[in-house]
């Protein structure tokens, strides 16, 4: 992996987004070995879209940080969940399911097909994207039915996988994208980089986002009083 | 085709359903060359679930019969749309899209994967179903996003297809299932026959179905009168 | 109506969009009494988003024009379907259902509640929008389950209605919005005008739209040949 | 509450189900003050559908029990989440959102409208159900978009609420139904009892359910080997 990704997985992901979105975005990185995994309140307060790649050490991620990221997503921050992060605490918490799947690492070819050709995430993406060698992820993928299904992958070994899925949770947008194993140069692939850049743009919060998760409201005034309208409760 | 399906496509479909559901169902057949394509008012009045297979001659199907079937589905009759019937008038009318797809007939192997293992249509179905040779149907399949996605097919040639899809329209249930080309013995395949039988059971109308399509109601009485409840409008 | 809407319904709708979106849009109008209802090939070729309001005379709309608009929507043009246009030919064709509903015109108050506070269509919209008097539209509304449900209305008379619904059909986006009866000054209401303007922006096609409806593809080359990748088929 | 529900909330819920489903079901009750809240491994092993009502003391529910119920639902057990249990740990874990809402307890009239007249949960239910007095629950309700929206409530005070919602999570079915406050005799209302009984039948697992949550599979054999099929992996 050090040869393939000398700047780390995070470095390759960041460089692709920077390359394609340029100065319209400010990209920073956070890694698990940093204090609070680099995801302090200050950092999250400055983050519109978070990408999350993780592998093998999900269990050692601090629950307090997961809680913080969770609330930020529900408040409007976009989240891109990448490859083996299907088993991350944050993804499982947002989905409510096991997020388990079938897998095999035998260097099969993966073809990524769009089933939503007018979706912003598929802009400029060939049909299909060809990944010469990759880890196989297959069905059954235990996720809630996506709000929007974007990509389905075929493997030369015969399996299929819902490889690009969108959900809304609270005020935030979540995109799961499966290509991205550390043993293959997937994040140097121009089409994969394009998908990530498109997804960052798609997942941006509305400019009016306050990043406050929805909360219970004890609504004092009825809207109608014996059929007459009272003052509007307002936005 | 005559050798492979001596009883016609309809004969093979009917025999599979009869074989698996036995006396719990009464199976009859209707063919395009019959008067009103065999789908008279009387026949439809006695039909809970209709299977529709068609190929090449969709354009010559009588619009009045399509209208009749359409209203019956909206009123609660189940509909199974099979293989090349993706281009039938009735399916296109129910979907509102072109229902176009990519295809190639080169005898590729098709694997049918379930993405919904607890759905009644997948009961008793292996993961995956293996069809040794079949026509390829691939994405992009121009359909409304299914209410429930059940099967995704992989082809040995690399394509994928949403091969089993459920929708509700009006009071009726619609299932599209792509395996079933006339040049291959697909309808003799025990797993495919099982899917059809399961889908017939799934698509049955609720016992309370009146088979009357939803209609506009000029609702005379308000529910509230200055905040006081009036008589309930009832079911 | 002439007093309330001296410029016609189309005039009021157009003026609201112009007022809020200014020079970022070019608004033109087409009316049913024009040749081809004003929706010639040339006009549609220049249209990114079409708003459709109609009442009572749906049946006299030319089927050829409906077909033309239908294909344009499937090719990427956005469509806003307003109020009584739930019974328009174009909406029924896109939905595949009867689009029937319950109604009563007795000047009830309508409150329009958002159930999707981070959706672009709800930007700047108070919770709820208060319409002092309006025609009642109630459930059951016979539509396919919306891809996104945006607004639910309550009436002072006690009924509810899914008053703001989004669907994707082909490459195009469709938004149905029920406020807008000709007997009430609904289209002069600033919040309603804001919803229409937001929806126009939301329904815009992706800049890459070619406005060509999806079509069948006889895909010549397999993606894999005995496990080896062949030439990519490309976008 | 003791006067209104002398047998407790659980007693009223149980009696309604027993009354309507009779000997086809075996109903038992578990309460929070029991060891393990009455939801031991043995009890859950014998449970096809669990109803969950809770109020105010959600925080004191044992996380280990929640985890056990969660896995059982993902394995196929049906779950009915009732009224203030929108804030229960189990519902929030399954949904992944805050599940917050607007509320006010001022004895408003609630009308429960069906938006899915052919769904099994609405069988025999009048349109609308009239609840003379109830606590108001209003939007925005912070839940994932339901897989199926069944009921929308209107309140005489003007609010609306998505009061009946279905989701699938893993192999299990989840139904949220909001009527059921302890200060009102809602669970003695015949229509509400009918909804609960219908929902129990709807949420039953498929007879093939093994109640084992989906798990990761390291799939050893490819399906294809250079284009030739290998041995089927089977179900």
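A, B, C and D label the chains in the order they appear, each numbered from 1.
Keep this in mind: a residue touches a chain if its C-beta (ideal position, glycine included) is under 8 Å from a C-beta of that chain, and two chains touch if they have at least 3 such contacts.
The model shown is predicted, which means the values in this text are computed figures rather than measured ones.
J.: Degrees of rotation, nearest 5, to put the Cα trace of chain A on chain C?
T.: Fitting chain A to chain C on C-alpha positions yields an angle of 180 degrees.
J.: With centres defined by CA atoms only, which chain is the most remote from chain C?
T.: Ranked by distance of C-alpha centres from chain C, the top chain is D.
J.: From the mean C-alpha coordinate of chain B to that of chain D, what's the distance rounded to whole Å?
T.: Averaging C-alpha atoms per chain gives centres 30 Å apart.
J.: Could you grab the centroid distance between chain A and chain D? Build each centroid from C-alpha atoms only and quote it in angstrom.
T.: 29
J.: Hey, what residues on chain C touch two or more of the other chains?
T.: As it turns out, chain C has residues touching two or more other chains at 111, 117, 127-128, 138, 140, 145, 147-148, 154, 156, 158-159, 168, 170, 214, 223-225, 227, 229.
J.: Could you pull out which chain B residues touch chain A in their complex?
T.: 111, 113-115, 117, 127-128, 138-141, 145, 148-149, 152-156, 158-160, 162, 224-228
J.: Which positions of chain A touch chain D when the two form their complex?
T.: Per the touch definition, chain A meets chain D at residues 74, 87, 93-98, 100-104, 106, 108, 136, 138, 140, 142, 144-145, 147, 156-159, 167-170, 213-220, 222-225, 229.
J.: Quick one: which bits of chain C touch chain A in the complex? Just the residue numbers, please.
T.: 76, 109, 111, 117-118, 120, 123-128, 130, 132, 147-148, 154, 156, 168, 170-172, 205-206, 208-209, 214, 223-224, 227, 229, 232-235
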